[in-house]
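Before any comments, here is the structure.
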Amino acid sequence: MDTNLALLLVLTPFLGFLINVFFGKSLGKTVSGTIGTLAVAISFIVTLVLFNQINSTGKGIEVTLFDWIQISNLKINLGFLLDQLSVLWLLFVTGIGSLIHLYSISYMHDDENMHKFFSYLNLFVFFMITLVIGSNLLVLFIGWEGVGLCSYLLIGFWYKNQDYNDAAKKAFIMNRIGDLGLLIGMFIIGSMFSTLDYATLKTAVSEGSPLLSLAALCLFIGACGKSAQIPLYTWLPDAMAGPTPVSALIHAATMVTAGIFMVTRLNFVFDLAVDVQTVIAVIGAITSLLAATIGLVQNDIKKVLAYSTVSQLGLMFLALGFGAYEVAVFHVITHAFFKACLFLGSGSVIHGLHGEQDMRKMGGLRKAMPITFWTMMISSLAISGVPFFSGFFSKDEILLTAFHHSIPLYVVGSIASVMTAFYMFRLMFLTFFKEFRGTEEQKHHLHESGSLITIPLIILAILATFGGLISLPGNSWLNEYLSPLFTKAEGGEHHLGATEYTLMGVAVLGGLLGILIAYIKYFKQNNVPESDDNIIGLSKLLYDKYYIDEIYEAVIVKPINFLSKFFRDYIETGIAAFVFGFGKVTGEIAFQGKKIQTGSIGLYLFVFVIGLCAIVSYLFLAQ
Amino acid sequence: MNVSTILIILLIGAFATYLSGDKLASKVALLFSLAALGCSILLLNNYNAGENISFIANWINKPTIVLALNADGLGIAMVLLTLALTPIIIFSSFGNEYKNAKSFYALILFMAFAMAGTFLAADGLLYYVFWELALVPIYFIALIWGNGDAEERRKAVVKFFIYTLAGSLFMLTAFIYLYQKTGSFLLEKLYAAELSSNEQLWIFLAFFLAYAIKIPIIPFHTWQANVYQKAPTVGTMLLSGIMLKMGLYSVLRWQLPIAPLAAKEYLNIFISLGIAGVIYGSIVALKQKDLKKLLAYSSLAHVGLIAAGSYTLTLDGLRGAVLQMIAHGFVVVGLFFAAEVIFRRFETREISEMGGIRIQSPKFTSMFLILVLASVALPSTFNFVGEFTVLYSLSQINIWFAVLGGTTIILGAYYMLKMFQQVMLGEANSKTFADVSLNEGISFAVIIAVLLFFGFYPKPITDLITPSLETILSVINKN
Amino acid sequence: MIHIPDLANATPVGVIFCILAFITIITAFLTIFSRNPIHSAIYLVICFFSIAGHYLLLNSQFLAVVHIIVYSGAIMILFLFTIMLMNLNEQKDVHRPRITRLGAIVSFCLILIVLIALFINSKPIVGEYDSTGEDFQSIKVLGKILLDDYMVPFEFASILLLVAMIGTVLLSKKEKLNK
Amino acid sequence: MGNILNQIGIENYIFLSVVLFCIGIFGVLYRRNAIIVFMSIEIMLNAVNLLFVAFSTYHQDAQGQVFVFFSMAVAAAEVAVGLAILVSIFRNIGSISIDNLKNLKG
C-alpha cells in the first residue's frame, strides 16, 4: 500500500510528462495543460493522504524498490523515505506546483510550445519529488541533477534567443560545480560509514572528525550551487530568462530550497561539523546582504525578486548555520508562499504589459489590476516582516537565533531585512502607484488577468498571510512536528522574554523604516530610477552586481577558453609533430642513407673486398 | 554450442555480404549481425545457466598456439556490446549510399568478427592476431569511404595505422618474452608466470604502449581526432564505440593480471595519466570547430576516466570501468550518429554553420539532448552509474583524484551544452532540416532505451561481470 | 712454410709448372693493363691456354680439352666478336680517376696479403701425397660419374644453357620502339 | 705413375690461384671498361677452377672435376647473357663504361 502510494506520488507527474511529450501537441493546449495540472494535483492529494498518516502515526515510511548501484562496500537502493520532513516538503512542492501549473495554463496559452512547457514542468515535479523522498543521498542526487536539467530546459524555454540559452547553460554548469562538491561529499561519507542511506547514516555518525567536516563542507558546496549562495549564486538572477511561472516554481519556491532540504536532511552530519556550520552561517549572512544591496537598484521587476530570493536563501542558511533547522524550514515554507505569490504577481503584471519587465515603464497599475496589486501587497508586507504576516514570524525567528549566537551576523541579517523591505516597496511603488509610464498602446490594453491567474494569486496571498500560524513563537506546531528528525533539541522553543520582544520590535521597526524610505523616495518625491547610462557611483557598482559576473568571466571562463585554444593550437600540434617526428626522422635517415648507394659498382666491390678481408681476418685471428 | 559459433556466423556473414551484391549487402549484413546478436544472447542464457561455452582447439604445435576462446562474464559483456552495436551501426548507415557497398558491409562484419575475437581470445598470440586483424577493415573503411580531402585523409589514416601497429609490436614482444618464460601463450599460464618486478615493469610498459595508443591515453591520442573526423561515420562509430574498448578491455584482461606488481607500484602515475586525459580532453573539446572532432575529444576525456578507473586495481574501479565502457560505447555511437544525421541534411560538420535545428525538428532535438545528457552522465542514465562507480573508486585511492576526475562533470557539461546550444538552438537556420526518419528514429530509440534502462537497473550487467572481475583481482593480488 | 721450387734441382715437371705459372700471371696482368680491348682478349686467350696446360699437368686431359673448347674457343671468340661489334678501341676507354686506381691497388694488395697470410699460417701439409693409382679422371670415369651421380644437375645445366641462349637472343634482338 | 703433386706441391697451386683470383679482383676494380671487367671475372672463375682440379688430384676424387665442368657451363651461359646485356646497353647509351651504369643509385 505504502509502496503503491509512493509510486503513485512519483509516477503521476512522470506520466503527465510522458503524455505531454508524446501526445501533447495533438491534444491541444488546454488539454495538455489540464493533464499537466492534474498530474501534479494528484500528487498533491497523495501527499495529503501521506501527511495525514504520518502526522497521526509520527512514523516515517520507508519503501525500497530494488538495488541500483553496487559498490564493494556500499549497496545503494532505489528507495524512498517518507517522513515528516519529506512530506512537509512535498506538501508545498506539489501544492504550490499545482497552483503554478494552473496559473501557467492561462499564462502560457499564447505559446506554441505549451505542451512542451507542461511536460518540462511535470518532469520537474517528478524530479523534485524524487529529490525529496529519496531514501539515500544518491537518489537525492538523481532528483538533484534532474531538477537542474529541468531548470536548464525551462530557462532556455525560448530557445531562439541565445542569451536565454546562455543563461540556461550557466545555470546548469554552476549547478554542476556544486554537484561535484555534493558527489565528493558523498564519496567521503560513503567511504567513512559505508552507507549513503539516511537512516543508517544517522545511527552510524557518532562523532566529528576533520574528514567529516570536509564531507560536510563538500555537501555545503553542493547546497551553494543549488541554493544560489556565494560564490555560486550568479546563475539565479540570469535564470529569470525563463517564463515567469518557472521563476516562481523552480527559482523561488522549490528547487532553490533543495540545498536547505539537503542540509536539514543531514542535520546530524552538520551538527558534528561545527566549523562548517560557522562557514554556512557566515556565507548565508554575506549572501543575504550582498544580494540585498544589489536588489536595491535593479530595475527589472524579476531581477529584484531574484536577488530578493538569493537574499532570503542567505537568511535561511544563516539559520542552518546555527543549527536551527526548523527555523530554516519554517522560512522556506513562508518564503515559498510569498515569493511564489510575488513572482506570479509580477508575471501577471508582465502578462498585462505584454512582456515589459522594466519597472521604469510601469506605474499606476493599482487600478487596472487590483487583485494582482492586493495579493502582491500582502506578499510584500509578508517578506518585509510586518507583524502578523507569515514572513514576520519566520524572519524574526531567524534573527532571534542569530542574536543568540552571534551579534555581528545578527546585525548583517537585520540590515539585509531592512533593505528587503526597502526594495520590495520600491518595487510596489514603482509598479502600482502614480501614473503609468509605458506607451499609450500598453495603457490601452491594461487589464486584470484572467481567473486562472488570479485564483492561484489569491490562494498564495492567503497562505502568505496565515502561513506563520504553523510556528507561532512559544507554541510551535512545526517544531513539534519536525522534532523526531533532529538529534539536538535546539533553537525552537525560545523563552519569550524581554530580549525577544525587544528584538521583535527592532525587526518590525527596521522593516517599517525600509518601507518608509521607499515611500519617501518613490511616492512622495516621485523619483523614477535613472536610465542605464546615467547610473553612476555606488549605484552603478550595485546596478552592475559588483561586476561579479565579469570577474568570473575574466578569472575562470576566459582562462579556460584561452587554455583550450592554446591546447588546440599549440599542444595538440606539438604532440602531433612529435609523433610525426618519428616518421620524419626515419625518412631522413633513409634519405641520407640513400646517398651511400652511389650506384658505382666499383665502390661496392671495394667495400665488399674490405669487408671480406675484415671478416676473414677476424675469423682467422679469432681462432 | 559455444562462443566460436558467434565468430563463425560473423565470418560467414562477411563472405555472404560480399557475395550478395551491392544492393542487398546492407540487408544481408544486418541480418547476419542480428543473427550473431541473437546467438550471443542465447549463449548468455546458457552461460547464466552454468553451461560451459568456452572453446578450445589446437592450432599450431610449435610454437604452441591454441585456438582458445574463453567466455567469462567480462568477455561476454564485451562481445554483447560489440554485437549489439554492430546492427545499430549497420542500420544507422541505411540512409547513406555507399559505392561498392558489398565490400563496405563485408568489412564491417569482418571487423565485428575480429573485435569479438579479441574479446574472447584466451591465447596470447590468437588474441594478438585478432587485435591486429581488427585494424585492417577499419583502415580500408576510413581510407576508401572517408570524407574530406583524399590526401589529408590518407595521411591521417596511414598515421593511425602505423601508429597503432607500432604500438602493438611492443605487445607482441612482450608476448614472445612471456612465451620464452612460460612456454605457452595461454592466458592462465601467463597469469601464473613468475616474473620479477623488473620484468613486470617492462612487460607492463610494452602492453601500456599498445593500449595507450589504442585507447587512447594522452599523449598518445594524436591520431584520434583526425581519424574520427576523416573516417565515414560508420567507421567512427566502430572505432569509438567498440575498438577503443578493445584497449580498455585488454588492460583489464591482459595488462593488469600479468604484471600486477608494476601496476601496483606505479598506480598513481597511470591514474594521473588517465585523469590528465580527462581534463585535457575536456578543455580541448571546448574550442573545436568540427562536430566530430569535438566528440572525439569528449571521447578522449571519457576513456581517460575509464582508464583511471581500471588502474585503481579495486573492484569498484574495474567494475565502474566496464560499466562505463559499455555506456560510453552506446552513447558515443548515438552522438556520432546524431552528427551524421545533421550531416545528411546540412552537408557540413562545422559547428558554426549549424544552429536553429530545434525549431525544425523537435524529435531529433529531444533524442540528441538525451544523448548529450547521457554523455555528461546525468543520473538515471547508464553513464552515471559507471562514472559514479569510477569516481568513487578514485576517491578511495586519493580524494584529489576524484576531485580532478570529477571536473569532467563540469567541463563535460560545459562543452557539450555549448555545442548543443550552437548546433541546435537559436534562430531558425536558412537551410531546411527534416526531422528524423523512421530508420534513424529506431536507431536512436534503441540506444536511448538501453541507456535509460541500465541507468536505473544496471544489476544484470553488474552481476554478469563481477565474478570475472573478482577472478582478475584475485590474480592481481595473488602474492 | 712456403715451398719454393728449387730451380737448380727441379724436375722437368717443376720447370714446366714454373713457366706455365709465370705465363698465366703475366698474361692475366697484361689482360688488365693493356689499353686495347683486343689485346686484352688475346692475352686472356694465352692465359686460358696456360691454364689448360696446368690441367694437362694435373693429368686431367678431358678438362683441358673442354677448357680450351669452351673458354678459348667459344667464350673468347664471343668476346672478340663483341669487341669488334662495338668497335671499341683505346680512345674509347674512359679516363680512370686516381682514387679508383688507388682503391684497386689497395684492395688488391690487401686481399692478396690476407689470403696468402691465411694459407701460410694455416695447417701445413705434411708428408707425401699418396697415390692409389686408381683411375679417377679418365673420360670414361668422368662420364660415368657425370651421367650417374650427377644426372639431374647435368640435365639442369642443359636447361640453363638453353635458357641462356633464349635470353641472349631476346636481349640482342632490336626492340621495336613504340610497340 | 706417381702423383704429380709430389713434384710440385699443392701449395704452389693454391698460391697461383690466389694470385690469379686477386688479379681478377684488381681488374674489376681497376678497369671501367665493362668488357675488361667481364674478362677479369673470367679470370677469377678460372682461378677457382684451377684450384678445384688441383684438389681433385690431391684427393684422388673426380668430383672436383665434375664441378669444374658445371662451372664452365655456368660461365658459358653467363658470358652469353652478360655480353648480350652489354651489347644492348651499348646500343642504348653508346658506352660500356660501368661508371655510366648507375641506375642502382639510391
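Note that the chains are named A, B, C and D in the order they appear, and that numbering of residues resets to 1 at the start of each chain.
The rule we apply is simple: a contact is a pair of C-beta atoms (placed from the backbone, for glycine too) under 8 Å apart; a residue touches a chain by one contact, two chains touch by 3 or more.
Since the model is a prediction, treat every value here as computed from it, not as a measurement.
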item: Computed distance of Cα centres, subunit B from subunit A, in Å; value: 37
item: Whole-Å gap separating subunit A and subunit C, where each centre is the average of the chain's CA atoms; value: 103
item: Between subunit B and subunit D, centroid-to-centroid distance (C-alpha), Å; value: 65
item: CA centroid of subunit B to CA centroid of subunit C, Å; value: 70
item: Contacts with two or more other chains, residues of subunit A listed in rising order; value: 602, 605-606, 609
item: Touching two or more other chains - residue numbers and ranges from subunit D; value: 25, 29, 32, 99
item: Shared interface positions of subunit B, touching two or more other chains; value: none
item: Category of the chain touch graph - line, ring, star, complete, other; value: other
item: Which pairs of chains touch, using the document's own definition; value: A-B, A-C, A-D, C-D
item: Subunit A-facing residues of subunit B, complex; value: 159, 162-163, 218-219, 221-223, 225, 280, 283-288, 314-316, 319, 356, 358-359, 362, 366, 373, 378-380, 385, 388-389, 391-393, 395-396, 399, 402-403, 406-407, 409-411, 413-414, 417-418, 421, 424-428, 456-459, 462, 466
item: Subunit A to subunit C touching residues, read off their complex; value: 602-603, 605-606, 609-610, 612-613, 616-617, 620
item: In the complex with subunit A, residue positions of subunit D that touch it; value: 25, 28-29, 32, 98-99, 101-106
item: Residue ranges of subunit A touching subunit D (in the complex, touch as defined); value: 593-602, 605-606, 609
item: Residue numbers on subunit A that touch subunit B, as the complex places them; value: 21, 66-72, 74, 78, 116, 138, 141-142, 144-146, 149, 152, 156, 159-160, 162, 165-166, 169, 172-173, 176-177, 179-180, 183-184, 187-188, 190-191, 560-561, 563-565, 567-568, 571-572, 575-576, 578-580, 583
